[in-house]
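Chains: A, B, C and D, in written order; residue numbering restarts at 1 for each.
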Amino acid sequence: MTTEPGAGLAPLSRARGVAAMLAADTASAGAGITVEVTGPGQARAQMTVTGNMINGHGTCHGGYLFLLADTAFACACNTHQYMTFAAAASIVFTAPVRVGETLTAVAVERSRYGRNGVYDVTVIRDTDEVVAEFRGQSRMTSVPLPGEGGDGAHA
Amino acid sequence: MTTEPGAGLAPLSRARGVAAMLAADTASAGAGITVEVTGPGQARAQMTVTGNMINGHGTCHGGYLFLLADTAFACACNTHQYMTFAAAASIVFTAPVRVGETLTAVAVERSRYGRNGVYDVTVIRDTDEVVAEFRGQSRMTSVPLPGEGGDGAHA
Amino acid sequence: MTTEPGAGLAPLSRARGVAAMLAADTASAGAGITVEVTGPGQARAQMTVTGNMINGHGTCHGGYLFLLADTAFACACNTHQYMTFAAAASIVFTAPVRVGETLTAVAVERSRYGRNGVYDVTVIRDTDEVVAEFRGQSRMTSVPLPGEGGDGAHA
Amino acid sequence: MTTEPGAGLAPLSRARGVAAMLAADTASAGAGITVEVTGPGQARAQMTVTGNMINGHGTCHGGYLFLLADTAFACACNTHQYMTFAAAASIVFTAPVRVGETLTAVAVERSRYGRNGVYDVTVIRDTDEVVAEFRGQSRMTSVPLPGEGGDGAHA
């Protein structure tokens, strides 16, 4: 791609688009997830595991680990000015997580091609041990993000 | 495998093991998920999407779609008497879902080999349209499920 | 989707489009793969494992198991008149395979949405034991398949 | 894990174990794949796409892209002294590849936990453009690699 969508976007603008998106995200808010956009295609999300997030084996439910990673992924892939959706994702669970632990999900962009992207999210506990490895596939629309001025339709 | 673990398990016992597991599952309960074990390696789970499950684009958060499918998967793979964990999973999102919709996740067993299993979960809305295709990889332990009498260590 | 692309396609035409595609597929031909289209979105492929397909552990290389499943997937997803590509795929290896074994890959369509599709391919040996579970994500273009008359651009 | 299997293994020994494995790998040899082990959990593999590796759309067959990435993965995950198998893998195809192109697959270790591992392989063409993103899940046995002295059973 010679002209990358969102390539000239100011850092403030990236943060603004994601902030507008997060403000509407009741699922992440309900789980106490906080997010920081750390650069184009990058984000960090944090969540503390509560007694309401437990599965039938007494550890953090995979759905909440996925929710945390998916939110970090969503913020990372929506730093390019246009609304971008999760098309698919995979997760490998590498260690059980207990109530009270604070987890950090670090999302990075691996590849972008056309309107598509591949993002990896590593979820770690506070000892830096990895508890999950997530990979997301994204698909960009031609709709500017809320909060972005936009520059007309994305080719 | 010539002697399948849990092969001679009575239906009531399967349901009892899963019921004990679900009773401890605060994440599924919090999302209003109900589950029915429909046979060995099979389960159906239902959830109605509330205003607390929404992502930044105004549709059901992928984390909640995953939570629903993952719970159906967990119940399906724990019908074989021994505690079984999700090792990994993937999900393809095939249609956006809105607040108020009731979703059904249908889990089936594709393959079992050694202590491992592959389970597919199709998530549909009430028009039968598919909204997500989930595939889980399970790993069985040698620990009998709570509620199961167990028959000693699983070879 | 109210009007499904390729919905009115005659069986002969489906087979013709896939046959033209297979005729150009030197990779499958080199592996001795044969394919039968068994219906819309469905195909079966067969391959006999030779001494040239072995990995460093003395069993069939995962690359050849993937090649077989991927070819079945490609034929299944190209039964809808328009050239369709593999966007992504995953595979779980469930049993080792030895030289001399004949494998059958059975591809079925799980979901189609917009230009996308999800296809599952189960690879079995001649005892019907599953040796691999493959899932492919497809993406349809607007280019009619070689051998298809086509009916103009696909919306 | 406090004592990592293979942690004290000399570089030469790592290379020797993988070299013995590659010597038996007829599939990789037949595709002209060469491999260099670049460190513990790391490998680079190269392959030039020939006219025998083409799919029905005239580009490199996904099976050969997978074969290249899978071989890099196998070499990376077999640098820890014990025979290690691919349990599962996923691949995203990000750009078509043509006959005559030389591809490089770069494998890195993301996580190891118990006997399991997660490895990522990025496949690039000679312009450094990414053509595929692969992720593999490995499972270690207690069998020392051929060429390794071994130190008895791996706990």
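By definition in this document, contacts are C-beta pairs under 8 Å (C-beta built on N, C-alpha and C of every residue); 3 or more make two chains touch, one makes a residue touch a chain.
No experiment lies behind these values; they were computed from the predicted model shown.
Of all chains, the one whose CA centroid is most distant from that of subunit B is D. Separation between the centroids of subunit B and subunit C, computed from CA atoms only, is 28 Å. For the pair subunit B and subunit D, the distance between C-alpha centroids works out to 33 Å. Inter-chain spacing, taken between the CA centroids of subunit A and subunit B, is 24 Å. Residue positions of subunit C with contacts to 2 or more other chains are 87-88, 90, 92, 116, 137. If each chain is drawn as a node and touching chains are joined, the picture has every node linked to every other. Subunit C contributes residues 20-28, 30-31, 51-58, 61-64, 66-68, 70-71, 74, 78, 83, 85-93 to its touches with subunit D in the complex.
Here subunit B touches subunit C in the complex through residues 90, 92, 94-95, 110-111, 113, 116, 118, 120, 122, 130, 133, 135, 137, going by the rule given at the top. Those residues of subunit C that touch subunit A in the complex are listed here as 87-88, 90, 116, 137.
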